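What follows is chain A paired twice: with chain B in the first complex and chain C in the second.
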Partner chain A sequence: MPKKKILVVGGGISGITTAIEVAEVGYEVVLIEKLPYLGGRVVKMNQYFPKLCPPYCGLEINFRRIKQNPGITIFTSTIIENISGSKGNFTVTLKTKPAFVKNNCTVCGECEKVCPVERTNEFNYEMNKTKAIYLPHEMAFPWKYTIDENVCLKNNCKKCVEVCKYNAIDLEATSKQLQLNVSSIVFATGWYPYDATKLDNMNFGVFPNVITNVMMERLSAPNGPTLGKILRPSDNKEPKTIAFVQCAGSRDENHLPYCSGVCCTASLKHALYIREQLPEAKVKIFYIDLRVYGRNEDFLNKVESDKNIELIKGKVGLIDENPDTKGLIIKAEDTMTGIRKKEEVDMVVLATGIVPNKIDIEKINYDNNGFIIPGLLEDGIFAASCTKRPLDVSASLKDATGMALKAIQETK
Partner chain B sequence: MNKKTGVYICSGCEIGKCIDIDALANIAKNEYNTECCINHSFLCNDEGIGIIKKDIAEKKLDAVVIAACSSRVNTSEFSFENNVIIERVNLREQVVWCHPPNDEDTQMLAEDTLRMGIAKTMSILNPEPFIGENLSSDILVIGGGITGITSAIEAAKAGYKIYLVEKSDKLGGWANNLYKQLPQKYPYQQLENPIISDKISEIEKFNNIDIFTSSEIKEISGQPGMFEILISQNGKDKNFRAGSIVMATGWKPYDATKLTEFGYGRFKNIITNVEMEHLAKENNIIKPSDGKPVNSVLFIQCAGSRDNKHLPYCSNFCCGTSLKQAKYIRDFNAESSVFIIYKDIRTPGHYENFYKEIQNDEQIFLTKGDVVDISEENEELIVTVDNTLFDEQIQIKVDLIVLATGMTPANSEELNLNYRLGKGLPLLKYNFPDSHFICFPYETRRTGIYAAGALREPMDITSSIEDAAGATLKAIQCIEATKRGESVHPRSGDKSYPDLYLERCTDCKRCTEECPFGAYDETEKGTPLPNPNRCRRCGICLGACPERIINFSDFSINSISSMIKAVNIPDEFEEKPRVLVFVCENDAYPAFDMAGFKRLQYSAYVRIIPVRCIGSVNNVWISDALSQGFDGILQIGCKPGENYQCHFINGSELTEKRGENISETLEKMMLEPERIKTEFLEINEYHRIPEIINDYIEIIEDIGPNPFKEI
Partner chain C sequence: MQCGTCSVICNLSPAEKPFPRKEMIWAGWGLKDKLLSDPDIWLCLQCGDCTTTCPRGVKPGDVLASLRNFSYLHYARPKFLAKLLSKPKYLPVVIAIPIIFILTIIYFAGTLTIPEGVVNYSKFFPHLYLNISFSILLFLMIIGMIKSIKVFQKDLKKNTAFKKHKNSLLRCFISAIKEILTHEKFNKCRYHKYRYYTHLMVFWGFIILLIVTIFAIIAVVFFEYPLSLWNPVKIASNFAAFLLFTGLTVMIYNRIVNKSFAGNSNYMDWVFLISIYLLVISGVFVQIARFQNWTIAYHLYTLHLVLDWFVIIYAPYTKFGHFIYRTIAMTYAKYVGRE
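On to the complex of A and B.
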C-alpha cells in the first residue's frame, strides 16, 4: 500500500513549518501555495521583533530543509478546490495556474528587460511596479520568474519568449487540475492586513503620507521600493516627525473587535527602525494599551528610554492634511490628561490588524470574524496558527508544529 | 583511494561568455586527471542532466563536480544516486556575476574555485550514519500538569509509548486549582469549567502511557534513542530507556512575600491571584482576617511583573486571570464591586471579547494607575492610586486586595542530566531555557530534550496545550531521525558525525567545553566521550581541537586544508594578493550569492570556502593558508551576542575568542595582526559585501605581501 500523504494548504511560515516538521518525521507531504513563491507574509518583513533579525535567515534554513527532503512536494500558484472523503482517505482537487515560466528558468533576467508591460507590485504593497514578467523578490523560493497573466500581452507580444535562451517560457501553458489522496489536511492559510481604506477618519488612500504598518515594513527593507530608506510617499523626503496610530481598526466593533496581539510590538520595532535611520526624527505612538507580551517587555523598555519616542495613551479621532506641507494634522485625546491634542506630523503609520484568509471550501466553519472554529472541523482536517486566532511568528510556529503532530496521528 | 571523478562545466547564464571554459577543462584533466570533463551550454536541462546520469552509470563515477550555479539552486536537478559525491562549484553567483568578464583575475578566481572543488571532492567520503543499538522509540514526559498530560496523550495517539513522571501524588498541576477558565469557545464571552479533569480522565484510557506519580528524576544519561532514565517513586528506584524527552515541569508563582510594597504579609486581606482561585474553588470568597464576606475587591495588575526589581517580563496570563476572577466574584455576589488597577490591559486575540464583556459591567471599575500606598483602617484596606485616567490621585476602600503575580519557570536542573555541561538546560534571559525563540522555538541546546509549556515561556492553558503538541512532535521527530542515523535541526538529515582519533587526544577538554549542545561527556582524565546522537553536526568541536583529531567524513581538517592548498598563489612580484574567506554557509554564503545576483562587484582576489559554522574553523587552516602564501584571512559569521543569529548558538562568539589566541600566533610568526579579521554579516546584508571585501583587500595591500609567500 502506498504511504499516506499529508496535505498542507498555505506556504507561509506556518505551512512551511508544518510541512517540514511532518516530512522530517518521515512522512510524505504536499505543500500548496496560491502565490508563485513560499514565505507568505513574513518574507515581506524587514526584521522580526524582538531580535531585529531578518526573516530570510530562518527561511533559508527552512528552504534548505525542503530542498534536501524528497518527502516534500511543493505546488506553487496552486489552490485547493474541493475535498471529498473522510479522515484517513480524503480526495482533494488542486488547481494550478498556468506555468508560463518553466522550472528551467535560470533567473538570467533578459525577459524582464524586454517586457513592455508593467504591473503594480503587491509584494511591496503596491508602492512600486514590476514588469509583467518578474522575479517576485530576490530570494524567492522557488527562485524563478513568473508572469502576471492579468496584464501579460501573451501572443500579441512574445518578446520574452524570443529573448529567453533557455526556452523557459511557454505562453501556451494552461492551468492544471490534480487529484490527490491524502490522509489529513492542515490549513495554514494565514492572514492579510485589515483594509485601511475602511477607516474613514484616518484617510488612508486619500492622503499619500498616511501609510500602514505593513508598508512601513517594506519601506525599511533593503529590498523594498525605496531600498530601505524611510521616505514619505508624497515627496520622497525623510520625515522628521512620524506618528503611529495603534489599534487602527482593531478592538473596534465596527471593524475588528479583537486584538491582533502583534501591532503594538511591531510599531515599537518601526519606531526603532526610524530612530536608527533618522537619528533626529521624533516618533509619537498613540495607543489604548501597550500590549507587548512576555519576554518582549525589554523591547518596550528600550523604546521607553528613547527620548525621541513619545508614548501617548490616547485615541486618534481624525487625520487631516495640511495642503501646503502635505503634513498630517492629527486630532487626538490624551486619555491620561483628557487634553485634546492637535498637531502636525510628516507621516502617519496606521497599525492595522490581522484578518484571517478564508478558503471557499464547504467543510470549514468560520466565526463572525473569519477565524476557523477548530471544534467544528471534521476529523482529519486541522487549522494552524492565524487561521484560528491572531498570533505572532513564534506562536504561529508553535502551533504549526503541533498541527504537524495532529496530521501524522491520522496516518496511523 | 583515488575517486573516479567527472567534472561538468556549464557555460550557460553568462559563464561561458565571461571566462575561458576550455582553460578550466584543462585544469580538471591535466592537474587532477579526472575521469572525464564535459562542457555544456545548459547543464541543468534534461540533456545536461542526462549526460551526467549516463556517465555515472557507465563510467561508474564516485564523484561529480558540477561547475555551474550555486548549490542553493537547482538542488533537485543536480541530485543523483546516494552513493555519488556531488560537489557544486559556484562559478555563476560567486564568480562571473560579481567580477568583470574576460578579466585575468576573474579567470584565476574561476580556476582556483574549480581546483578547490575538485580537491575537496578527492578528500571527502559520503557519510555512513551512526545508528546506535537497542534504540528506544519511547518518550519520557516530565511533569504531569496540563502540558505534560497533553504531550503524553498526543504522543500516545501517534502510536508511541510514554513514561509520564510527576513529582506530586496526582496529575493536573496548577490547573487542578482552577475554579474557572477563560472562554475558549466562540463568542468567547462566558467563563468555562476547567478542561483539566477531562484531560485526566482521557489520559487514563491509554494503555501505552505509564504514569509515575510521586516520582522524581534521579538521573538521565545517554543520548537520543538511548536515554537511560532512573527515577525514584516514593523512594523506590525504577529505570527504563527512552528515545527522547519532553520537559514540562511548568512554573511557580512569583514569591509574593517579596512584594512588601504591596503589603503582602503585612495585611491579612491581601492575597495573590493563585490564592484567590483557591478561595473560589472552595466556594468561599471570604476575608482571610475575619472570615466575613467580601463586598469589594481590588486587583493590582503586574504585581511584581514588568518591574526590574522583581520580574522584568510580562507573564501574559495575569490580565486575563484577573478579569476572570472579577467576573466570578461578581457572579458569587451581585452586590460586590471590583476595581482593577493596571499598567496596560493585555488581552490578545479572542480574549478581547471577554474584556469587552467585563467592561459592560458597571460594578467592575478599571483604570490605569500606579498603587502608591496601602493602609488599613476599620478592617478596610485603603489603596491610594496615582497617575490614573482621572488625572488625579484617588483613594479606594476595599475588603480584599488581589495581587496579580506572574510566573517563574521551574528549575530545569530537575532533569538531573549526567552531562559534562550540567544537569539542566542552558538558560536564556530570566531563567527560561535557551531556544531560537522566533524561528525554531523548540530548539533547546540539549538534543532530544524539548521544553514545553510555562517552563519555556510564560503562557496560559490554551498556549500550553498548543505548545505541548509542538514539543511532542519534535520529540517524535528526534526518535525517528535517530533511527535513521540523521541529525535533527538545523542540519536535519545530515548523516555525518564527528569521528575522534582518540589515540592522539591530549585531554585538553576544548571540545567538551565548547560544544554548544553538550554532545560530549568526559572520562575522569578528561578524554572526550562523544555521543553522536546528541551531535548537531555544527563542527564547532572540529574547530576547537588543537590536535586536529575531530573530523566528519565529508567535512574534515583534511578536506578544507586540501582546498586551501589547491589555490595557486601568485608570487609577490605579481602584486596579486590572495585573501581566504571562510563564510558561514547558512547566512554569509547566501548573502554572497545575492551579491552576485545583484551584480555587486568586489575584488577577485578572494577565495571563498563555506563552512558549517564559522565556529568550525580550525586554526590549522589559518596557519595552512598563511604558509601557503595567502596574504589575509577573513572569517564571516552570524551576529553574536544576546540577540545571536548563529544557528549553533555561539559559533561566532567562539571565533572572536579564538581570534585572540590567533593574534598571539601571528605575533610569534612576526606577522601583522590585520592578516586575520572577523566580520559579522546578516543574510540580507549583501550590500555590505563589496565594502567588507574591498576594505580588507586595501588593508592587506597596505601591509604588503605575506613574507611566507616565497618560502
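On to the complex of A and C.
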C-alpha cells in the first residue's frame, strides 16, 4: 500500500520547515502557498534578531533541500477550499490561480521591459511599483515571473507574449481545481501586520513619515525600495531623529488585546540598523514594557548601552505633523518623570503587531483573536507556529518541526 | 496604568504631572486626601477621550467623575443634606422638605385654597411671601456654600504637588470665568463634540433664566402681573427653556443609549439631570396652564416650586455644585501655573 501524503498549508518559513522535515524522513508532502512565491513574511526581512543575519541565507539552504527532494510537491498561487473525510483519509480541494507564466520562464526580463502597466508592490508594503508582469523578488522560488491578473490588460495588450522568446507566457490560462487524498494536514498559514490605519491617533497613511516596522525592514533591505538606504518617505532624506512607537495596536483592547511578543526586539534591531547606517542619528523608543525574552536580554543590554538610543517608558498617545518640516510631533507621558513630552522627530516607526491569518474553512475554529486552539482541532489536523500564538522565527521553526512529527504519526 | 495614553490624549491636561493617569494611580493606592485636594479632577470635563482610547478599558473618565461625586459629599456643609441627596432611599425625605415648607408658608399667607376664576399664581402664593421666603433660603444656602468653599480652598492650598506662581488671583478668576462663559476648554475635546454644544445650550439657557428671574423679582414693582406672552422677559425665558430642553434631551439620551462614551451614570447624576429637566418641562406647563386656565394649574405650580428648590436650594449638595468647585479649581490651577 502506497504511503499517504501529508498536506502543508502555507509556504512561509514554518510551512517550508514542516514540509522539508517530513520529506527528509521519507514521506510524501504537498506544500501549498497562496502567493506566487515561497518564503512568506521572512523573505521580506532584512535581518533576523539577535544575530543580525539575513534570512536569504537560511532560505537558500531550504530551497536547495526542497529541490533535492523528490518527495516534495509545491503548488504556489494555491489555496485550500475544502476538507472532507477524517484522520488518515482526508480529501482536500485545492484551487490554483491561472498560471499565466509557465515554468520554462528563464527570468530574462524582456517581458517586464515592454509591459505598459504598473502596480503597487505589495512585497515592499506598497512603497514602490512594479510592472504588471514582475519578479516577486531576487530569490523568488519558484524562479519565474508572475502576472498580477487584477491590473494586466491581458489580450488587449499581449506585448509580453510577443516579446517572450521561450513562449513561456499564456494569457489564456485558467484556474485549476485539484482534489488530493492526504492522511494529515498541517496549517502554517502565518500572520500579517496589524493594519496601522486603524490606529487613529497615529495618523499612519495621513502623514507620509509615519511608517510601520515591516516597512522599516524593507527600507533597510538591500533589495528594498531604497536599495537598503534608510530614507524618510516625504523627501527621501536621511532622518536625523527616529522614534519608535511600541505596542502600536498590541496590548490594546480596542485593537489587539494580546502582546505580539516580537515587536520589542524587532524595534531594538531596527535601532541598530539605523545606528549602523546613520551614525549621527538619534533613536527614541517609546514603550510600555520592553518585553524581550530569553537570550534576547543580551541584545537589549547591547542596545541600552548605545548613547544615541534613548528608551522612554511611556506610550505614544498622539502623532501630529509639523507641516513646514514634515517632521512629526509625538506626544507621550514619560511615566518615570511624570512629564508629558512633546518632541519633534523626522520619522516615526510604528511597532505594529502580529495578526494571525484566518482561512474560511470548515473544521478550523479560531478563538476571538483569530488564533487556532490546537486542542480543539480534529484528529489529523495540526497548526504550526503563528497560527497558534505570536512567535519569532526561531521559535516558529521549533514548533514547525514538532508539527512534522505529529503529521507523520497520522500516516500509519 | 503604565502607558499614559489617557494623559496624552487629553487636551486639557497640563504638561507637568498630567491627569488622569496620576489620579488613577492615587485612587488605586487609596490616597483619598491627595485626590480630594487635587484641582485636576475638576479640570476634567468628562469628554470621554481617555476612556475611548484606553487600551485596557479602565475608564479614567468614569473614575474622575466618581471622584467629583465623592467631593460633593465630602465638602458639603451641612454634610447631612448632601448625604440625603446621594441615596435613593432618602428621596421621599428630600421631596417632603420643600413640600412641607411651601405649604406652611402658603398657610401663613392665608391662601391655602385653590383660587377661583382666571389663573393667577400670585393669588395662590403671593409674590411677597414667595420672594421673601425663597430669598431667605437662598441666603442660608449661600452661607453653607461659602463654608464649603472655605474648606475646599484650604485643602487646595495644602496640596503641595504643584509649585506656586505669582499670578494675580483676580486675573486668574476673570480668566476662568471667561473660559466658562465661552466653553473654550469644552471645545478642545477630541471625540464626542456634541457635549460642547449641549452643555453650552444648557449653561446659557440657565444663565438667561437666572437673569430673567432676578429681573422678574424686581419687575413686580414696574410691571403689572401676570405678564403677557409677548413681554420681552417672557420671550427670553421661553427661548432659554428651549435651549435647556434641547440640550438636556440630548444629554439624557446619550447617557442612556451611548454609555460607552457618555460614561456610567449613577443616582447623583440622575437626580441632578432629571430635576433640572423636570423643572424646565414643568415651567413650560405652568405657563401654558395660566394662558389656558387649566384647573390643575396650581398643582403644577407647586410641583414647579418643589423642583425649583431641588435645583437651586439643593445646588451645593447635588451635582450642581460642580459650578462652584470647578470655578475655584480652574482659578486655582491658573494661580499655580497649571495650564
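As a working rule, the second predicted complex is superposed on the first by the 412 of 412 C-alpha atoms of A that agree within 3 Å, B and C clash if a C-alpha of one lies under 4 Å from a C-alpha of the other, contacts with A are read in each partner's own complex, and residues count from 1 in each chain.
Everything below uses one rule, namely that contacts are C-beta pairs under 8 Å (C-beta built on N, C-alpha and C of every residue); 3 or more make two chains touch, one makes a residue touch a chain.
Keep in mind that this is a model prediction, so the values were computed, not measured.
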**OP:** Specify the outcome, clash or fit, for chain B and chain C once both structures are aligned onto chain A.
**Re:** fit
Subject >> Included angle at chain A between vectors to chain C and chain B, based on C-alpha centres and rounded to the nearest 10 degrees >> reply: 130
Original post:
Counting only touches as set out at the top, which of chain B and chain C does A:254 meet: first, second, both, neither?
Top reply: second
Original post:
Between chain B (first) and chain C (second), which does A:166 come into contact with in this model arrangement: first, second, both, or neither?
Top reply: first
**OP:** Look at A:395 in the shared chain and tell me whether it touches chain B only, chain C only, both, or neither; answer first, second, both or neither.
**Re:** first
**OP:** Would you check which partner chain A:332 touches, where first means chain B only, second means chain C only, and both and neither mean what they say?
**Re:** second
Original post:
If you count the residues of chain A that each partner touches, which comes out higher, chain B or chain C?
Top reply: B
Original post:
If you stack the two complexes on chain A, which partner ends up touching A:313: first (chain B), second (chain C), both, or neither?
Top reply: both
Original post:
So, does A:206 touch the first partner chain B, the second partner chain C, both, or neither?
Top reply: neither
Original post:
Taking the superposition as given, does A:342 touch the first partner, chain B, the second, chain C, both, or neither?
Top reply: second
**OP:** Pick one for A:289: touches chain B only (first), chain C only (second), both, or neither.
**Re:** both
**OP:** Enter the shortest inter-chain Cα distance between chain B and chain C once the structures share a common frame, rounded to whole Å.
**Re:** 7
Subject >> On chain A, the residue positions that both chain B and chain C contact, one per complex >> reply: 251, 289, 313, 335, 338
Original post:
If you look only at chain A, which of its residues touch chain C in the complex?
Top reply: 201, 247, 251-255, 288-289, 313-318, 331-335, 338-340, 342
Subject >> chain B contact footprint on chain A (complex, rising order) >> reply: 20-21, 24-26, 48, 50-54, 56-58, 60-61, 64-65, 67-69, 104, 106-108, 138-139, 143, 165-166, 221-223, 251, 257-261, 289-298, 301, 313, 335-338, 367-368, 371, 373, 375, 389-391, 393-395, 397-406, 408-409, 412
**OP:** Over in the complex, which chain B residues touch chain A? Could you list them?
**Re:** 12-14, 42, 44-45, 69, 72-73, 75-76, 154, 157-159, 185-187, 306, 312-316, 344-353, 356, 368, 387, 389, 391, 429-430, 432, 436-442, 457-459, 463, 466-474, 476-477, 480-481, 484, 488-490, 492-493, 586-587, 590, 594, 597-598, 638-639, 643, 645, 647, 682-685, 687
Subject >> Complex contacts: residues of chain C adjacent to chain A >> reply: 2-9, 13-18, 21-22, 53-57
